[in-house]
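Which chain is which? They are A, B, C and D, in the order written, and residues in each are numbered from 1.
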Amino acid sequence: MSVAATHFNYLAVVVLMMIGLYVLFSTRNLIKQMIGLGLFQTSTALFYISLGKVSGGTAAIKIYADSVEGRMLAAPLDPDFVQQFGVGGVVYSNPLPHVLILTAIVVGVATLSVGLSIAVRIREAYGTVEADEIEAVTRVDAARVGRDP
Amino acid sequence: MILFEALYVAPPALTAQAPILVIAGPLIGACAAALSPGGRTAWVVSVLTAVFALWMAVAVAGEVAREGAIDYALGGFAPPMGIALRIDALGATMALLIASVGLMGALYSGHALESEVRAEKRTLFQSGYLVCLAGFLGLVLTGDAFNAFVFLEVSSIGTYALVAVGEARDRRALPAAFNYLIFGTVGATLYVLGVGFLYAATGTLNLADMAPRLAALGDNSAVQAGLAFIVAGLGVKAAMFPLHGWLLGAYAGAPSLVSVFLAATATKAAIYLIIRFVFGVFPEGEFGENFLRWILAPLAAAAVIICSMQAIFEREVRRILAFSSVAQVGFILLGASLATTAGLSAGVFYLVAHALMKGALFMAVGAFAISVRARTVEDFSGIAREAPWSAAAFAVGAASLVGAPLTMGFLAKWSLVSSALQAGEIWIVVVLAIGSLLTLIYVGRILEAMFFRAPVRGAERASEAPVGVLVPLFVFSGLSLWFGVDATLPASLANASASVLMGEAP
Amino acid sequence: MSSGELLILLALALPLFSAAVSYAVGRMPDVRETLMLVACVGLCIITISMFMRVGAGDAPEMVIAQPMPGLEIAFRVEPLGALFAVMASVLWAVNSLFSIGYMRGAREANQTRFYMCFALAMFGVMGVAMAANLFTLFIFYELLTLATYPLVTHKGNEAARRAGRIYLGTLVGASVVLFLPGIIGVASVAGSTTFTPGGLLPGTTSTVIANVLLLLLVFGAAKAALIPLHRWLPEAMVAPAPVSALLHAVAVVKAGVFAILKISAYIFGPELITALPAATWILWLAAATIVISSLVALSKDDLKARLAWSTVGQLAYITSAAMLPFASGLVAGGLHMVVHAVAKITLFMCAGAIYVATGAVKVSEMGGAGRRMPILFTFLFMASLSVIGLPPMGGMWSKFLLVDASFGSGEWLTATAMIVSSLLSVAYFLPVAFNALFAPAGVKGPEFTRPGGAPGTVLTAAGVTAIGCLGLFIAAEFIANYLEPLGAFTLIEVAP
Amino acid sequence: MSEIALQVNFALNIALLLMLIAVGVAIARMRSLLAAILLMGVYSLVSAVWLIVMDAADVAFTEAVVGAGISTIVLLGAILLVRAGPVRHNWRMTIAPAVLVLGVGGLLVYAMTGLPEFGDPASPANAYVGRNYLIQTPDEIGVPNVVTAVLASYRGFDTLGETVVVFAAGIGVALMLGFGPRSSLPPLPAAMGDHHVVLRVTARLLIPLIALFAFYVQFHGDLGAGGGFQAGVILAVAPILHALVFGLHETIAALPVRAVRSIATLGVLLFAGVGVICMINGGGFLDYDHLFPPGVEAIIPPGLLGDPDHAHQWGQHFGIFFIELGVLLTVAATMVTIFYGFAGRAVEEP
């Protein structure tokens, strides 16, 4: 199979990351920027998960090979394949990326909420969430700073 | 390392656990601070915590000095299955640095917060401060690539809000904090992405385990891109030119405590991680050398020249110092980019020196701001008469920044230049000379205003900072002076770190 | 602690102590100035006894600290240094006497800060004089710059601050960009920066690098005011006369040329210098400096400016001396350093006295002033003779030796330049004294703005140094012999 | 059953990814913030489904509750507070980002070509540490859900850090929004019609059920998908619903701000405390095998707790139980804090 097929997931993930980054950098609206950031982070998560997928595998929750479920999972697979890559007669996907991404997702929501709360305060202090207008005001502030005579 | 022998007083049982206690201590302290009834209690908690962290850090450093690198397997699972802390000379140095800065900051916060943070916010503020401290300490101690990301975020998430709290004095802190958050998160995500590539190539996340596997792997586009993303991501955190945009507003707007702490630790921790990856994890080879020679070094040089220039044309003192920080990061990376033991040692030495001097400078500026809203260079006119002691401390820090003899900054520049000469990189010497000259100009402007100009007519008068602020301030500038006369301790730490990184010592 | 170390410590401590005292008792001018004079005298005694010991072949030395391996703060007194120390301390004493009169006479502000910085500057000078290695020399050299900055900007007006900026900018800039890299270069090729008889560098590095280092170090020592790094010197003349007198005739500028002499003698050594084309280039530049500065001096009507430009030229004499391959060049340079210092300080003090007494600063205003102030102008006349290099003044010997050494080493250009500039100096110095003393009857000099003319202390001070010029005519040989050790180690004999 | 199952799986994978791209483009083009936010929710849900296809059950669960759930709530709260109109758009702001993004994209594609094939079981990532977890978990930890085993035990330190991140986020939001003027929305008047009665009654019924479900997710975590994070978020929904129906003041009266913050703190303390206890009992930090003091017989005989052929430590089970509890407390409390922060903010009149 060509690279486009064997690496389709990765390429798709790349596209998603690019979309996220584009949203982030192409808007001057703080809320929209946070959305873009979220997209970018999520796509990174998808990348990790793609890494951990084992074709023919199943979720990394202990299954007994002789149970109904176990037999059902093994059915479509080549026995040698199961023998070689299975654990206890069942092929699982790689749990490690899942763990890492659980962390990443939670970090993502943490960032999101902090960022948005700052955005809200900005709205209260500047009356807008458009970066351009904020910068205009900031320049004025910068000109004004100093010890009160 | 005699000093550690002297300071090393932790009972053995504690020493065995010291590496994790350095991190866990502040974490638990943060909880205690959050639960404490009032700002005063929270402050006491945070000081005690910082003392404990420093004590443990000293114990760790002593252990490293005696035994060499330490591995601490968390959860009792040996790496690569479990997460392990790995502390070598460089890590120990960083831990010492961060813990001491943390303590100074904690002491300083006692008075600083009163003028900068609303009373009801102080407990949470202290708690957040301790979380950041824990984050940075974890970042420099961990031996696991993904765990490093987690601590990167632990240190960042809190920081964003702490910076934003500066709104109380200057609303520009808010957009600055938001900017910092966007940049920082993109950086962290890029880092995770890079780690993902390395994981895909090696199947492990433990740095020590990763290195040999990468070496065996040879040239691989995923690995190279991994390096690129990791350095870019951390470069954002390290304010590596041209990824430094977030730093200016953040340092200028944040409460002075946060500025002090960030200026002295944040970028340093990221630089540490970059160095760790470039020299400790990635196999030497053409790719790495080209990267150092053709990307890192030129960018560092650009930072030195351009940002120093910008500093010259800046009005607000804090922004001048912020620009200068970016330039100084350039100095450090120039040293590292030589990829020689001498160069790395110089870089690490410079890193420590810069942490101390910038700590002193930002703290002094904060001290002035306690009594009077002095922001611009004009505001600083004649402030030396109004607050002589803080001004003196500021002057020492400034002298060290310029690289005046008998300060640590001088020795730092000295070793940097001589290592560049040894490596035959004359152009780096030229850059350093020009950079120092520019530094001289912008520092000179501030000092002239402080010491040789009369105060602005009718301006509110500054008054000397309280003792609680002067003590940590003097510790910072005192160290800059002391290490300028006898640099045995930092020099030995730096040399040890460098030889570890260059694989000359375990 | 050996007595040698004790001497060194005292030589450093006294100026510091004096600075501290001036700050402490700033409220009481009389006490302040008495104590300062005491310190001056004490310092003279110490330096002279040090001078004696060195003459007896002893070399007091001590190590203060070693921040890094190969990098130590240490002192070691050798003939040139001892001479410089004595010269500086004696002239400091004289000048203090002068400044008391002047500052009170001219009612200057911030006198406490003035005296404090003065003492600190002396501290720097002592350190430079006794430094055992380039690193130590550099530290005190910079300290000297910083301590004198407030003196240059003493008047505090915009002109003064501008001058101060140029002063600091040029000196510190040159140090950071040229001097320091040069020093670090020396350290990294030779492993240390210690002043070694016969030269530290020979045999450690290639000629190319040695050339680069020589250029870095000589231009780095911008206090020597070699064109094109000379602008700060005339600018600094905005400072009060005592400052110009001590700093720009003795301490600062001489620290520059002293550094160059030391570098030539103890870092490169005559043999290496001979081998270096860079030395020749510097000689040519120095020659140019000598001639140009004399011409500019000729064109200046402001007396202090004229003196400043003449200083630029005289410094170039010493620089060329340091670049001459012969030990005799070093000796002549050392001698000229002293002679010129004494003569120039006299001239500056006279200028100051004239200003205090009459407020006149331009040469054209001074016609006939000699009638009111005959003694003062006699002193001025004597000093002029010394600078020109005419008998019976010390200047004659030093110039003679300089020209002799230049000829001896075949540096015709230098020799010619020196002779030409001497003639020019005749043209720009003698008229000052002559017009003042022997003006035609019609011309009536400027009125006294201060009853009784210049204060007694001022006159005394100028007198002492004027006599000094005379005395050096006799003492020249003694000093030359004293400096012989500088040449003792060189293999090349002075050409007959 | 045959090969088809695999191909269906792969086809699903491709289809869902294409859907994600489509949604992403839509978000990028969307001017209305509200629409963009809702699309973000869609994006999260679709990716959750995709994650199931990728066998990442726990992640899917988390993405559903966190990405589609709490994130959307926070975003909606934010745009309510900032009263953001449609996003303005100028063309200046498109060229530079496009170039940058294309650059990064190029580098990424270059990197991707160096990766092993998708789904390759022999790739380093899947063959080395990842596989070892599958092999060793039954022996060393003894919980069926390997993800939970790795999350809570092998890489428990990461999870601690992660919990602290959440805690820090709580602090951050509180510092930003927690102290401002509180909204003075009056409690809902009774005369608002019967449907509100219905609403309240259902809410009263629903809230305990939500809590119950949360605890099920919590304690089922080591058997199947689930765990502290998911449960925490779900649990937080209960007070949020209460606030929506009965008004924020009622909720804050029942569940004071300070109490919530303290609960979040206690969660972290519990987690770290478990680690410290392990140290006191002679193990390393978070080494659950030493959760009980030396000498305490804490071996689970084979056959008990499902696993017929391995004996393992009670310590692991209790350790995981307690730290997951800590995570639950911190996450739930923090989510409520965040909600309080946004909902409690006074919406100043335009």
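Here is the rule we use: contacts are C-beta pairs under 8 Å (C-beta built on N, C-alpha and C of every residue); 3 or more make two chains touch, one makes a residue touch a chain.
All values reported here derive from a predicted model rather than from experimental measurement.
Shared contact partners of chain A and chain D, listed by label: B.
Just count the C-beta contacts per chain pair and the biggest one is A-D.
Centroid analysis (C-alpha atoms only) places C farthest from chain B.
The mean-CA centres of chain A and chain C are about 72 angstrom from one another, to the nearest whole unit.
Chain B and chain D have centres, each the mean of its CA atoms, that are 32 Å apart. For this pair, chain A with chain B, the centres built from the Cα atoms lie 29 Å apart. Computed centre separation for the pair chain C/chain D is 77 angstrom, with centres defined by C-alpha atoms. The set of chain B residues touching two or more other chains comprises 146, 150, 153, 157, 160-161, 164, 199-200, 205.
Across the assembly, chain A contributes 17, 21, 24, 30, 51, 96-97, 100, 103, 107, 110-111, 114, 117-119, 121 as residues in contact with two or more other chains. Counting partner chains per residue, chain C shows two or more touched chains at no residue at all.
A list of each chain pair in contact follows: A-B, A-D, B-C, B-D.
By the touch criterion given at the top, residues 65-68, 71, 73, 135, 138-139, 142, 150, 153, 161, 168, 172-173, 176-177, 180-181, 184-185, 187-188 of chain C touch chain B in their complex. The part of chain A that touches chain D in the complex is made up of residues 3, 6-32, 34-35, 38-39, 42, 45-46, 49-62, 72, 75-76, 81, 84-85, 87-88, 91-103, 105-114, 116-121, 123-124, 129-130. Residues 1-6, 9-10, 13-14, 17-18, 20-21, 24-25, 27-28, 33, 36-37, 40, 43-44, 47, 50-51, 54-59, 62-63, 66-67, 70-71, 74-75, 77-79, 81-84, 87-89, 93-94, 96-98, 100-102, 104-105, 108-109, 112-113, 115, 117-123, 125-126, 129-131, 133-135, 137-138, 144-147, 150-151, 155, 158-159, 161-162, 165-166, 168-169, 172-173, 176-177, 180, 223-225, 229, 306-307, 331, 338, 341-342, 345, 348 of chain D are the ones that touch chain A when the two sit in their complex.
Touching chain C in their complex are the following residues of chain B: 403-406, 411, 414-415, 417-418, 421-422, 429, 433-434, 436-437, 440, 444, 452, 484-487, 491. Listed in rising order, the residues of chain B touching chain D in the complex are 17, 20, 24, 27-28, 30-31, 34-35, 72-77, 80-83, 118, 120-121, 124-125, 127-128, 131, 134-135, 138, 146-147, 150-151, 153-154, 157-158, 160-162, 164-165, 197, 199-205, 213, 220-226, 228-229.
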